[in-house]
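Before we start, here is the structure in question, set down as structure tokens.
Order as written gives the chain letters A, B, C and D; numbering starts at 1 within each chain.
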């Protein structure tokens, strides 16, 4: 058994209150397992997620960040996720341009009914991040303890 | 659908620029077609048969050469499907395959009669000759 | 520094089965700010809540963290608990260690570790929480209904019934709308006027309802509970309170050649007119485009014949300003123009008519006194062709017609066909359809009756061309099932024209800051769960302005909108959601980025004076958030480059604290 | 075309200040060397005649200065705007950053500005004096050498890839207006995009690790005009003055570029002032290029009042995950 030496990533998931957070709850209700390393932060809408939060998470040692919101057109606030989509498209592209592994950051639309999708997404994302290994390119060494 | 038909279908769709999936089967094209009586397969059937890949009968049908290319169906289709362009594309695929010249300019005078509209002659030459 | 209490719930074995709750409460004890930490079997139970209340009192807690189920489940519960113990409800944070931890993880050790991290994040957030008080704003107990058709009438009646004053603004001289023009209604075939006009009378007689007819909304300001609206009462050149509606002027007016819009222009009215006999208010109106007196100053017949002395040629448009707590949009629909559909010869032949014109032709108060006669020669038509889906279900790129299904045409066409066959059995009636769509109570039965009992010829296929030949209309169509082309010599062709939102809806939406879809239908706050509310708080939707609807559907939506309005007006004060955006004036650039992303129009700007470091005063444009309108999405906080915009309850510093706690 | 000279600008400035049209003039003043001109505010004709300089190094974009200057005192401020400056000018107007009524803008044509680094690369260091003659610069150095170099050979990168010689805003135009130009400004970005992830990382690691966090790029940027910058605000989550290790400066530059995304007019001031010669414009241009490909061509500052792409959307926008994929 090598489990103890295995790399366990740290993943921050920003979930909008109305769809994705509820989707995560549904995954819980249905006991659909996903890795412990996924930690959810509740935000009112995916458009509340500032790129600063994402970079801060990476700086502080997160290995992957995923943003989840309502499907386009279903935003509780009618247009919030459309802004998220533009902001994240540009941010993801920029991080990629700087040579950051694009698999470390992702955006998924998860509705309140998609508990299974939430769990599957988290499993898949964790797997992808685990395959990449530790986040070295975006980490701030001073934050390491 | 055979591989060959599938290729043909995608070629027809590509060269015509028509998306037969947009058809809602209202039949306005056929309802409007002035060459209806001459045609074995009618405009709506062209759309449906291309979409379902049932193109073989179209290739062998005289209907291809009966379409006047008047574009009434194109103009009136509520869904913007443009059946005449599809007919044209099927016809082209036949002509390309055969490489034959079905109408020579010299043959035209013999075919002329008083009732034939100018447009029909022009489009016939476009359609039947290479 | 906060004094934080942590309460870890076992949720029986739901949490305790995978998470070592003892360890969690022990670990969180050492977090900054935490002065008390405990765990209990069921925190949401009365006993559990008492533990929280006691701890708040005993340890003088300023904030609490409950590690339990999802906040979507019990956040409200624990907020009430905190409030009962004298703690601000917004000093409560929930760490979701059930749905997002114990239920999805199997391993006790890693489950416990994660629960501790989630707890730490919640503690980090509470450390930065500040007590929030929901903003309060008073409610003006008066509603405005824009549009006086059946939707507006029903909404106004229901609101008035509950005891609240309502104003109806109608741009035409009378209320009644499209329904007043209809002959019979499907599927019961009762007469539209017989069921509508009593309602119109109810409106007129209800002392809670004021009708601003021949009026338009000019300007809307304010927000939910506190709208200020300017209404333009157009000059009708007749004193509304003096006119008795006797109608003498409308008989004596020498200007007889004015197309009668109520009869779809199929006959004429005078320059002074009352649209129809049961108009409400029953007051004459002078049409300034046709009145000789108003145009040339010579005539004055109506003033001479009016015994009441109601005519006033000097009347001017009047602006009325009124305050409202809620606004209902009920602007209705119109059939689309047939100008782009040359193939149906609508503009070439008088005998090609739209369905609404057909309604007038069969109506006893219509141009033919209810006899079905051809507009061209007044002869009885023997072959009638109905064409469905004219301009509905068109491709977006086709540039004519609408993409959507107009929903009502299948049923009214069945009605027309059936009524025609009923009254004139010698008539051949053809209906060309693409699909017959009849979902609705007793709808399909109705359609089947038209076919089976009345012998209407339903033909699957579309009409391609209508060409007038002599006194006939040659209809060329396809019969798809028989794979035939038909040529029918018809006497009358009736087009089921698509319906579109009234043109006034778009400018109204702009005034309301309410959103619209690409077809200019108002967007609902939620397509399933909030179908009669606009995303803009305090604005409600009634009838076809939201989407195509038949009368029963319109009426039920109208009543639903009324119920929502009553619910709003019944409150003395509106308690806002305190988690709203907040602008820091000192940091605001006034750049308008936030305003542009705000879906609610909650952000306004003001020029404010600021003292500069060199003691001069500079005037700067700064953003201000209207807390009653803001819904707290946070789009503005990210759009703001300087970070002047923050969201209470989900502040930048709080989210960063959570990020840090998780990533530590 | 009439070449704008220092004298003609001085004459114009004096005329406007003397006839009372304006009360102050923003212009260039001599620095320590001929090539490091400093922006300055002149309040009277004497000062202007004495100190106002306009030469091949008058690159500074004055739009940003209008925010503070228009808040001071009475009267209008005269500003000279090169075509690229007018874009920033418009963008600031779009964002309501200054009162248009308080500005008198004179558009001046521009044939491109010289980059001192390129001059030095061409003729060596120790430069004492640079004068301009026709399309050449005459460079005198410490050692008494006089070298000639063609302006075209030492143009700043942003001028080589000049996007427009057309003024988008002015009250008065000196000389003739130019056209929007075709340019190759995205070539460099594309080159980077075509590298592998590791190569890109190495490239930026090399560039950005030189950052000394002097904030010059931010301070000069006409889009970075916040009353309080997030990097100065302890609550923002990115406040950090020190350069400590590999990530800090990346975070700074990503956020800085993101904050101006859709608002950056690509004026190139950031790269001009960077003491470490970091090609910061490549970050901004990446955003501009992405915006153009994802959301349609958009040039910030071209039209006053236009809606920036990041405060706009369509229902069919590209998905972020695909935005990254398409580059493979």
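Keep this in mind: contacts are C-beta pairs under 8 Å (C-beta built on N, C-alpha and C of every residue); 3 or more make two chains touch, one makes a residue touch a chain.
In this text the structure is predicted, and so the values were computed from the model without any measurement.
Between A-D and C-D, more C-beta contact pairs join the chains of A-D. Computed from the mean C-alpha positions, the centre of subunit A lies at a distance of 36 Å from the centre of subunit D.
Per-chain Cα centroids separate subunit B from subunit C by 47 Å.
Averaging Cα coordinates per chain places subunit B and subunit D 59 Å apart.
Looking at subunit A, residues 50-53, 56, 79, 83, 87 sit in touch with two or more other chains. Multi-chain contact residues of subunit D, defined as those touching 2 or more other chains: 230, 236-237, 310-312.
Counting partner chains per residue, subunit C shows two or more touched chains at residues 597, 639, 652, 656.
Chains touching one another, given as pairs, are A-C, A-D, B-C, C-D. Residues 50-53, 55-56, 58-59, 72-73, 79, 82-83, 85-102, 106-108, 137-142 of subunit A are the ones that touch subunit D when the two sit in their complex.
Contact residues of subunit C toward subunit A in the complex are 70-73, 96, 98-101, 103-107, 110-111, 113-114, 117-118, 121, 515, 523, 525-526, 535, 579, 597, 599, 631-635, 637-639, 647, 650, 652, 655-656, 658-660, 662-664.
Of all residues in subunit C, only 343, 389, 391, 393-395, 397-398, 401, 432, 434, 460-465, 476-480, 483, 485-486 touch subunit B in the complex they form. Per the touch definition, subunit C reaches subunit D in the complex via residues 586-593, 596-597, 605, 612, 616, 618-621, 639, 641-644, 652-653, 656. Interface residues of subunit D facing subunit C in the complex, by the touch rule stated above, are 71-72, 94-97, 225-230, 233, 235-237, 259-260, 263, 307-308, 310-312.
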